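By letter and in written order, the chains are A, B, C, D, E and F; residue numbering begins at 1 in each of them.
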Amino acid sequence: MKIFIDEIKENEPVDSLFLVREKSFGVTKNGNAYLKLSLVDRSGEIEGRIWTSVDLVSGSFEKDDFVHLKGKAISFQDHLQMNITHIERVKEEGILLADFFPMTERDVDEMFQSLVEIGKQVKDPSLGQLLVLFWEDKPFVERFKIAPASTRLHHTYIGGLLEHTLSLTQLIVKNASHYTGLNLDLLITASILHDLGKVDELSYHRSFDYSDEGRLLGHIILGMERLEDKLRQLSDFPKDLALQLKHLLISHHGQYQWGSPRKPMTLEAVMLHYLDNLDARMNGIQQFLRKQVPEGSRLSRYHPFFEQYFYIPAQKVEMELPNITEEKEIEEE
Amino acid sequence: MKIFIDEIKENEPVDSLFLVREKSFGVTKNGNAYLKLSLVDRSGEIEGRIWTSVDLVSGSFEKDDFVHLKGKAISFQDHLQMNITHIERVKEEGILLADFFPMTERDVDEMFQSLVEIGKQVKDPSLGQLLVLFWEDKPFVERFKIAPASTRLHHTYIGGLLEHTLSLTQLIVKNASHYTGLNLDLLITASILHDLGKVDELSYHRSFDYSDEGRLLGHIILGMERLEDKLRQLSDFPKDLALQLKHLLISHHGQYQWGSPRKPMTLEAVMLHYLDNLDARMNGIQQFLRKQVPEGSRLSRYHPFFEQYFYIPAQKVEMELPNITEEKEIEEE
Amino acid sequence: MKIFIDEIKENEPVDSLFLVREKSFGVTKNGNAYLKLSLVDRSGEIEGRIWTSVDLVSGSFEKDDFVHLKGKAISFQDHLQMNITHIERVKEEGILLADFFPMTERDVDEMFQSLVEIGKQVKDPSLGQLLVLFWEDKPFVERFKIAPASTRLHHTYIGGLLEHTLSLTQLIVKNASHYTGLNLDLLITASILHDLGKVDELSYHRSFDYSDEGRLLGHIILGMERLEDKLRQLSDFPKDLALQLKHLLISHHGQYQWGSPRKPMTLEAVMLHYLDNLDARMNGIQQFLRKQVPEGSRLSRYHPFFEQYFYIPAQKVEMELPNITEEKEIEEE
Amino acid sequence: MKIFIDEIKENEPVDSLFLVREKSFGVTKNGNAYLKLSLVDRSGEIEGRIWTSVDLVSGSFEKDDFVHLKGKAISFQDHLQMNITHIERVKEEGILLADFFPMTERDVDEMFQSLVEIGKQVKDPSLGQLLVLFWEDKPFVERFKIAPASTRLHHTYIGGLLEHTLSLTQLIVKNASHYTGLNLDLLITASILHDLGKVDELSYHRSFDYSDEGRLLGHIILGMERLEDKLRQLSDFPKDLALQLKHLLISHHGQYQWGSPRKPMTLEAVMLHYLDNLDARMNGIQQFLRKQVPEGSRLSRYHPFFEQYFYIPAQKVEMELPNITEEKEIEEE
Amino acid sequence: MKIFIDEIKENEPVDSLFLVREKSFGVTKNGNAYLKLSLVDRSGEIEGRIWTSVDLVSGSFEKDDFVHLKGKAISFQDHLQMNITHIERVKEEGILLADFFPMTERDVDEMFQSLVEIGKQVKDPSLGQLLVLFWEDKPFVERFKIAPASTRLHHTYIGGLLEHTLSLTQLIVKNASHYTGLNLDLLITASILHDLGKVDELSYHRSFDYSDEGRLLGHIILGMERLEDKLRQLSDFPKDLALQLKHLLISHHGQYQWGSPRKPMTLEAVMLHYLDNLDARMNGIQQFLRKQVPEGSRLSRYHPFFEQYFYIPAQKVEMELPNITEEKEIEEE
Amino acid sequence: MKIFIDEIKENEPVDSLFLVREKSFGVTKNGNAYLKLSLVDRSGEIEGRIWTSVDLVSGSFEKDDFVHLKGKAISFQDHLQMNITHIERVKEEGILLADFFPMTERDVDEMFQSLVEIGKQVKDPSLGQLLVLFWEDKPFVERFKIAPASTRLHHTYIGGLLEHTLSLTQLIVKNASHYTGLNLDLLITASILHDLGKVDELSYHRSFDYSDEGRLLGHIILGMERLEDKLRQLSDFPKDLALQLKHLLISHHGQYQWGSPRKPMTLEAVMLHYLDNLDARMNGIQQFLRKQVPEGSRLSRYHPFFEQYFYIPAQKVEMELPNITEEKEIEEE
């Protein structure tokens, strides 16, 4: 059974699975090498030390591997540290991702099914076929279900990309009929595909960060590549429709400074941009309020990206209160 | 019967109502004074000249008066000009506003009734009472039904403020349930009142421009004054609820540079800001596309405020086509 | 007699008044709860610990209370920490504010009297009456005398708002006659009232921070509410004069990005803005130079808000030197 | 023989080829329709009128057609205007582009050959093959030789894209060896392909403007599509090399606000960006100085894009003087 | 006696002095060359034509010369135009500058004397000597008395630099004692010299524009050169004092984007910057209000540089009303 | 022989030269004063303590002195600290600068000679003479050879200014002939002198920081002073040439916000700006990549000034790999 890092106590034995975030060497005062590890799971981080058989052990696992550990937690300079007596690499298949990463609270398969259903409402045959091609691409679907939507700002958890995509598409369906003359088929398709490239932009199997492709090209370009690849398989896809769909994808950030090579120029692109922004902000602020409101306060900490504070009104008695857990303290006096 | 300015032909007599936009004096080569008028109605603008009894006539009407004119259109330097033989001030009561200003295409009373109905869904008694106070304020309601929402960017026509307010409130109702924990009563009330101060900010009885109060204080401050005035009449209005409502009003522009003295700090304020923005942009771009797309082109003219072009996709066969009337030409060769 | 925190020495008993800035619980290695306090006064901050009768004691005081403490300072991990043996809540009335907060160095009542005297020079009866209404509002005057002018940038001490208001009003009197055609009565009144809302924006009884009203509305809106409240009591206050006065108040920050909903549009508003800015900067830089110039240097530390360094020229032999006290050190070796 | 518009004189017959920039209808005072044309060639623009057989003639040509005209220039309201007696559509094949558009002063085929030669220096076989694929793509090469590099800022003439690409690639060769560790093969290839998408972004057969693809996607996305298309044909093109090459293409504008979805992150990308910028500016300023320096002045007119004036120093006696032709005047008094 | 351009009437003879702003050639319909002149004085601008002896006359004067003209005003295309029968170059010495350029309304010599008197209050001998050196520099003083302070924004008239310098220095004297620890001698000296370089930056003998030196270097650099030149003559001028004085000069614009190579870093530099800004704005807005408020309005036209409107309150009954002269009209009907 | 700080080991004696970065007093728990030193050399920083004869020793050296130390390293709170038993001031002459500061890796005298040689290619006698004057100014040349080019961004080492100047001048020579009509003599001279003022702006004998002159005036103004000083010695230096040269110097930063009082207005100034920028960035990024790429990563740390990450492509097998030394660790467990 998984023992979580925030449950480990001084002088108690530990026997569980962890992820190796960092691995490096240290030298004792006596000049002997030892292994320094940083071990993580969903609940936190702890230092680990391997003092013996360092050469031998060192080659058996790497940074970003999952490992099965045995050892004991001791207190060193007011922090807990694990003295490791046994370590063994574990394959990813045997791992429950939710033990190691924040996860969406919603059911991934249900969400995916809901998205597929909305896609079926698209009447335009070319756009409908395009969506089917994506759903038939198994490796894509697998990544699409797991990827987070962002490393920092919103839906930053396993399944976040899918959750955000579904939420935005539902907003589109709700709002598109409010204005006349919008191409709903185009809007639904573009909404489903708008953050497509994030399956390649982010690396999220060990930690949430950018892949090299993500850093050097960004999800807009990466998404265009995946879209092009599918469009080539649909030889009679209308050229003008493809042009519009691409425009919606590359302009959905809305501003040059947010990495959009074009501003939204059609009514559909404008709506997609505003609702995408709304959904990202609402989720991002909700996540932030859950973690960044000091106990007893209605005011959040400063949000460095938005450069402001947020506020939880007292009025909302019916509102689900943010879950503010005080960090547990273990002190030695 | 109203003869519209764009229907006036050379050498034909004119006998109709017009609005005097400008009034000034000129001097003929012989040293005689004459009156120069700029006359307008919904369809355009024409110069007028009064050559005789200038002193007498001049005192009988002023700039921004409606007048009943008789005269004949002649051609001077390639433009039509009216030589006026009779002019008489007409009271505003006898005027059909729609002859002189652009009007909403929707029924004002129906829209107002729809807004009142949504307001009745507010369950919080304090907020509900507040809305009733506004609806009972007849002079306010009268102005609220007529005011445009903006001088330039969106809903720039008689009834535009009401049309925008209703549209935004409908969007709020559609979207608020999409996120958990939002105070719907507060959102509906804030949406109905969000642009309140525009009834005082803009002067729209003669032309769309800012009033002195509008220039010096702006609609956010002016709206706060009207809100304060009503809140004082509700002695037990919860202080905290008033604080939140005011915050939604003063932050709905979203950014300091758009004249908001505060950024949105609550989830409700964030949603109000984004949907207000969406509705203003969608309407503004639709208005712009109706007038600013050259015939035969899909690309609009440059939009100086948004600093970009807009585009009408060919794909939308079902879309109501923008109504592009080529300006009529009358030439003399 | 007050023992200041920077006077406390290791292993000596302490018996004095302090303010509780933070209060939380810790758990010893043995699993026992204890109380962790952060105690402050004007001179600094010290950690406190209560190891016994935790449940009992904990309910007898709260964060932000003043308390009477007895205990002994010990050294823990190179810092002094107080082991508290007695703690008792003390009412605010028995407290000398100057023991706990930075204070203006000038006499508050003298400054207030000077401001009232300048106000008496206003000849316009409406403006004169308005000022009298404010001076007769005792709760307002009390707050007005205590409030700081800012949490960070200038006059950040008890009495700072009054000091800044007096200083600005004196500058106005000095400079207004330099230009022709300025309305001196309006300028003096607007200067006295310009930061009015800061009595509500900031909370300054326990620490310098923003109140909820301050965060959500800001001092410009809060000041407008107080001004409106008084104007209602003056039924014949000229409408146009009120409009101008309000414009001066809401535009005095000068720029949208500094939270002004309007830029200064009249000559009076322009002068008020520039001199307000001058006075805030001069005081802010003087305060900064007093604390943020390393000993032996003429160059200050980096000022993060102004994004620059400041410099004290050597030339000014007659200048009162900034009072740079090296922080005392207590080390254990 | 081509009669250029700036050679046409009042009351003289005209018989030559022109491009129809605008075509619309007017109505005479008698109520008869006539055709209004705007005719252009390299030297300027002139109005044309067709008064008879309007219905018949109108269907025989369109806006943006080349036409063979006969007629006579008359003076109307101080401008020359052509009364057209014969008009006939002419196919593009019979047209000398240089009669209608500004052209590079350099030999297009020589420039192209020089570029191909530099490309042959690329030693990396994958990159070398890639270039060969582009050179073998005849329709691409044809467009690549004709396209301008920009509609407004630099190399705004037929052949400008090729001229700029060659110039930049020569700069790259000169400068790459100045720094150690740069991948010259990658730099040369990226330089040759950096503005690839401009063959699709701009429409330049009738006037210099953006194509729909250019407006909605931009040359960076369009270039990526062309690059992807070729890379697919090279199945063993190293993935990492493709990633770098794409990064150089999408980051070469250097800044988000200039439409780059990424900033340059590698040393090669930084160099490409700076030298591209240098070459565009030098050419753009030289073009500007040729046309926008008033006679007798060393100071240029204001450059609205760069928001500054430019200056031609007197010192440069050896410098080829800008060719400032005063606009000819034809007046009627 | 000077006949001003706004006094010239149709068909009346003219015999007076004018400045030639533009001079170019036209060609009549008969193919004959004629001279086109643009003639200006303080009151306006008028076109002039010389139809005979063009070759002969053309060489006798140039653009920017003052000329003595005889001719007659005729009406051409609704504008007055002068047919010139006699033209003769006039030396500058015989010219009254005030006939040709806007002038300060104050007495130049009195203002200069006031400035010298304030300078005498400087007690520091080095700074005092420095000022004397400038006053003894006759060519400098002559230019200093004539130069405008700006081409567009404030004090844009002959004597404007002196008027602004005196006004700022008086403000400095009024305000410096308000804060403790300021070096008044340094402030007065820096104030007197702060815009020194404007005597070289602007060319103002024929029109208000920038000199080549002004364009390429700017008045801050040009002022530093003049200051350096004087400092070299004062061999024992304290190095540190010179450093401070230079800092005040180069930082007085306050911001990099306004061309200051440094921000104000000392209290004196901060005060100089704010009061300079105040004086420039107050004068600039007053000038603007005099010309740019439509008759009958309290609201000015849009100010393109400040990006706002200005407002003249009704309240100020005692205020000298702006002098709004309606442009005279001469029409032919 | 120099013992470097990163070679010092616990409990071993030290006897070597160090630079005193900080010097202050502490008080032991017993109330005795002791001296706290921060000692540095090229390899790092270490704390030092002097426990005895504090009064006597304290007067014998100051902050920023080089000292000869004897003592022993002990471990205190997990850091090494030196207990000093002997300390003695050492004159700068006896010091090898390269032991204490980062140095250019290139030979300073060779670089200087190369620069002089390029300068000899200048054919214009005035510019040639000007360069000779600088080379004959021995104190200048000495500083010019030692100064770094920047405190943070590029060439931040002893000799960096010279290295950057030579590199830029070589780039100028390579690129100037690529465009027609450039004044090469002017470009070479301006390139050699462009950062002239940095010899005074930066203080680099003890640490890399700004001098007072550098802070208050900046290297552009300081360079102008040195240039003016030389130009005065060349009485017949053409005025117009001096104007151009000065313009190149003051505009080479290219933008107001980077402290240039003017933007580049001539072709030469534009080229100088772009190539200066290129050289500074290329060197700065190379320096950054050497230190700020975590081991095993291709991605650098975040660059706070450029606000981005940089990337080292895998492709460059021939590239000299950045020298990433893991920081040595000494731990006590």
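To be clear about the criterion, a contact is a pair of C-beta atoms (placed from the backbone, for glycine too) under 8 Å apart; a residue touches a chain by one contact, two chains touch by 3 or more.
Not measured: the values here are computed from a predicted model.
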item: If a chain touches chain D and chain E alike, it appears here; value: B, F
item: Both-way neighbours, i.e. chains that touch chain F and touch chain C; value: A, E
item: Equivalent of D-E within the choices C-F, A-B or A-D, defined by over half of its residue contact pairs recurring; value: C-F
item: Winner on C-beta contact pairs when D-F is weighed against A-C; value: D-F
item: Superposition rotation for chain A onto chain D, Cα-based, multiple of 5°; value: 180
item: Copies chain E and chain C - interface residue numbers shared by over half, same or different; value: same
item: Chain centre separation in whole Å, for chain D relative to chain B (CA means); value: 43
item: Separation of mean Cα positions, chain F and chain B [Å, integer]; value: 62
item: Residue numbers of chain E (touch at least two other chains); value: 212, 215-216, 244, 247, 265, 309, 311
item: Pairs of chains, among all present, that meet the touch criterion; value: A-B, A-C, A-D, A-F, B-C, B-D, B-E, C-E, C-F, D-E, D-F, E-F
item: Contact set on chain C toward chain E in their complex; value: 167, 170-171, 174-175, 178-183, 186, 238, 240-241, 244, 247, 263, 265-268, 270-271, 274-275, 277-278, 281-282, 285-286, 289, 306, 308-316, 318-320
item: Residues of chain E defined as touching chain F within the complex; value: 212-213, 215-218, 220-221, 224-225, 228, 243-244, 246-247, 250, 256-262, 265
item: Contact set on chain D toward chain E in their complex; value: 10, 75, 78, 296, 298-299, 309, 311, 326, 329-333
item: Residue numbers on chain B that touch chain E, as the complex places them; value: 24, 26-29, 34, 49, 63, 76-77, 212, 215-216
